[in-house]
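In this document, chain identifiers A, B and C correspond to the written order of the chains, with residue numbering beginning at 1 in each.
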Amino acid sequence: MTAERWITVALGFSIVASIGLVVTYLLGGQAQVEGMLLAVALGGLGAALVIWAASLLDAKPESEEVHPLASPQTAREAAWETLSPDEITRRGFLLRLMAGAVAALAAALAIPALSLGPQPGRALFRTDWQGGARLVGADGEPVRVADLGLEAVRTVFPEGHVGSPDAQTLLIRVRPGDLALPDGRADWAPEGCVAYSKVCTHAGCPVGLYRAEDHALLCPCHQSTFDVLRGAVPTFGPATRPLPQLPLSVDADGYLVATGDFAEPVGPSFWNMTHADEAED
Amino acid sequence: MKRIRLAALAFGILAVIGLPSLGRVDAQGEPELEPGSPERGEELFIVACATCHGRQGRGAASGPAITDAGAASADFQLRTGRMPLAQPPGEQPLRKPPAFEEQAIRDLVAYVASLGDGPPIPDVEIDASLSRGMELFVANCAPCHGATGAGGAVGGGALAPALDQSSPRIVAETMIIGPGQMPIFDLPGEDVSAVASYIEFLQTSDPPGGFSIGNIGPVPEGFVGWFVGMGLLALLAYLVGRDWRKAGG
Amino acid sequence: MLRWFDDRLGLASFARSGLRKVFPDHWTFLLGEIALFCFVVLLLTGIFLTLFYVPDGTPVTYEGPYLPLHGQQVSAAYRSVLELSFEVQAGLVMRQVHHWAALVFLAAITVHMLRIFFTGAFRRPRELNWLVGIGLLTLALAMGITGYSLPDDLLSGTGLRILYSAALSIPFVGPYLAFLLFGGEFPTETIVSRLFVFHVMLLPALLIGGILTHLAILWRQKHTQWPGPGRTEHNVVGKPFWPSQVLKSTGLMLLTAAVLALMGGLLQINPIWTYGPFDATTVSAPAQPDWYVGWLDGALRLFPPFEPTILGITIPSPFIPGVLIPAAAFTVMALWPFIEARLTHDRADHQLLERPRDAPLRSAIGVTGLTFFVILTLAAGNDVAAIIFNVPVETLTNALRVAIVVVPPLAGLLTWRICRELRRRDVERAAGKRGGSVRLRRNAEGGFEEIEQ
């Protein structure tokens, strides 16, 4: 088949497909049909052009000279003369003062960029947890120890702050005898109910996976793994700090309550995190 | 007279053969199923399960005690074919064709349920709220099983299996018993039904955008973008760019 | 008709010279054009999407036709993308074409950049255009990241969380910078509208300006060419701009658009209705960004736990893999033409390209860098690979940690040896034609010439 015939066929397909597209749209549209018709409409036209270029045009290669682009020295000197006439270059002091003024103005104009966001202050050092806050589930209902089965895991929040991103906490029930918490935390996990911040200490993703038999919390983003029985210390992956633990106790009605906020900042590290005392709001 | 006697004899023989099955044949000719019988279950258990799980499910060297496993656990393990194990204990058991027929499963389940007070088989209703189901699924199930239920690696060599074959009953059972590495998600009954409904929706809905390429997100999309997209375009560049006349094309 | 324009603009002589401008013919020279055509598709489909997208992070209730989301709290932005996908005619196909075009755009830029690198096209006088090109790559990456975060779904929102944490990890300025960019502590409702301004206004303006600069410099300096008969360092041999190159390129543009349209219609991409709206308290697995950010995610997965505290200042663990290494890599990439000129003492203008074998050191270093990048990108899918190959993800991660250190230098060394071997064979073949041995020297045109004994 000659090139002309191919081009005719390609353009024919293209026209039919374009009409088909209009019809499909008017009939209500369908993603797969639209995609295929669009492909034929575009492709037919494209193929026609390419075949035209390949077969019907003159095939002789042509040549063009390439000269070095650098201008001759005389032209450069003339250009420099035009760019910096004596009236400007002579006034050294004024030029320097002008440069200083422009820099100062630039700084002044840039400063409103600070309106884009507030100062961090103490925001990274605290969450919505405080002593006496009851643990509630995502539905807002407080959690009773008796209702929490062994090997159950739940996401909990301080009462009144359901959905709080930095207060999100994992509540897990294990056998009390299996726990090997760090010193001083023996009373943080009543009846085997242990709570850790859900915000990964590596890059802040919620640590959403729990392997019940291994008592291991896994973060899906970069696979940091934390040992629930030993205070959520990292056992694999790029996280270096354990998940902060929330101290718990049980109130008179059998509900779980926090006895304070987390002891260290939740989530990923930042440069001055060991200087909580210096941060001001 | 002789013909009548022959007919009566034939009828009698047929009746003797056919009678025992009369009570167990339904309209289509399939054997009718009865509720599980703990006695029949015990016989099956002694043969198929006691070697590992011990007499009366009290545990043995190669299998844990299952006295408090309950009907839910037994039903899950037997129906998904995880039990009896086909591989050495220690590796995560995965779904395979069940080793027992329906009646045998019911009998075994009844027997295991009688061993202690584990959870019973839950009631599940489909057509419960899809929206509540999706909310719960995304919050509780998607981290391990994937947003589309395609399954995922959860570390430590464990797999959260794909959910494409899980019936609503199986879904409800696993949430209650938390088999293996899976924790327990003891949500109220209507929430369990909602999750099961959503999983059924995932199993049966057609992807609106076309072919879903494995349904696990940007990784297969990236491969397709490179091999299909860039591959086709590089080929086109080659076809467009070469000098066809010199090459005799 | 053309006279009407010429009466007013006087373009005839420019048209005469411009339209006859010679461009060399080789299919690898079309790879940059493919990137450009992907950009055109992105622009056109993007305009359509912009008319329907609502850049607002305020929570609203979804009440549209997708039942599983009915009644759920989502952001207005997320809802607008769902409307576009399910209630606007041709909306879903436009959205999918746009997203596939973005993936292929960055693949085409990568392939084009590799072609420029391995053929030495960036050498003097084209160092400037290389710098513009690296700038375009950076802008394209930023466009991709801001773009896929606009729907405010669970997957892209998780990605934003990681970027926020990477910003947070910068010593001294981290927390201020992160709060400035996001408008407060993560998550904020304003981030989506800010990303929109970048994605639809600021970045496209810079990208278009950069592309025009890139093309203008190319036009002025003329395109490079492969060595061959009649080709020297002082000419360019090929076909004229009009009609030959224009027809071919326009045809290729339509064919590129056709491929993208086919993908957008037949292959589902980014089903945000299944991921669900962004919620800071949950995450779905597997969690990956689009492929062109994979190297960053892979670096974060592979880098071992290392968080020193120096003089009371914590260097957070994401800082080195997430900020320092990428900054260093891009700096080296950008400065490469100058680094190579220093190493080779090559100050000449070049019009002819080199085959990779003719520059063994450059090719070896390039392969080392490319291998490093590829392993990092594959590492971002380590959890997916764990499911597919049924290998524990920890084993895979540790294997990749070893690979990232061992494989790139080995690949570079292998490349160097292969280049030298291929060159040796070229010399032998040239000598063999004359019979006996000859002493050969490379001349300025890139060919070999005998040294008179």
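Note that a contact is a pair of C-beta atoms (placed from the backbone, for glycine too) under 8 Å apart; a residue touches a chain by one contact, two chains touch by 3 or more.
Since the structure is predicted, the reported quantities are computational estimates derived from the model, not experimental observations.
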Where subunit A and subunit B overlap in contact partners, by chain label: C
Chain of greatest Cα-centre distance to subunit A: B
Interface with more contacting C-beta pairs, comparing A-C to B-C: A-C
Whole-Å gap separating subunit A and subunit B, where each centre is the average of the chain's CA atoms: 36
Rounded Å distance between subunit A and subunit C, as computed from the means of their C-alpha atoms: 19
Centroid spacing, where centroids are CA-atom means, of subunit B and subunit C in whole angstrom: 44
Sites on subunit A at which at least two other chains make contact: 31-32, 35, 50, 54, 138, 155, 206, 208-209, 220, 223, 225, 236
Numbers and ranges of subunit C residues touching at least 2 other chains: 25, 92, 96, 248, 251-252, 255-256, 259, 263, 265-266, 279, 281-287, 383, 393-394
Interface hub residues of subunit B, defined as touching at least two other chains: 139, 142-144, 152, 155-156, 208-210, 240, 243
Residues on subunit C engaged by subunit B in the complex (per definition of touch): 25-31, 33-34, 67-72, 85-86, 92, 96, 100, 103-104, 107-108, 111, 154-155, 248, 251-252, 255-256, 259-260, 263, 265-271, 274-276, 279, 281-291, 294, 380-381, 383-384, 386-387, 390, 392-394
Residue ranges of subunit A in contact with subunit C within the complex: 25, 28-29, 31-36, 38-43, 45-54, 57-58, 61-69, 113-114, 116-120, 123-124, 138, 155, 163, 165-166, 168, 198, 202-206, 208-209, 220-223, 225, 234, 236-241, 267-275
Residue ranges of subunit B in contact with subunit A within the complex: 139, 142-144, 152, 154-156, 158, 178, 180-186, 208-210, 239-240, 243-246, 249
Residues on subunit A engaged by subunit B in the complex (per definition of touch): 31-32, 35, 50, 54-55, 59, 138, 149-153, 155, 172, 206, 208-214, 216, 218, 220, 223, 225, 236
Interfacial residue positions of subunit C with respect to subunit A in the complex: 20-22, 25, 89-90, 92-93, 96-97, 125, 158, 161-162, 164-166, 168-172, 174-176, 178-187, 220-222, 230, 233-240, 243-244, 247-248, 250-259, 261-266, 279-287, 297, 300-301, 303-307, 309, 312-318, 321-322, 349, 351, 382-383, 393-394, 397
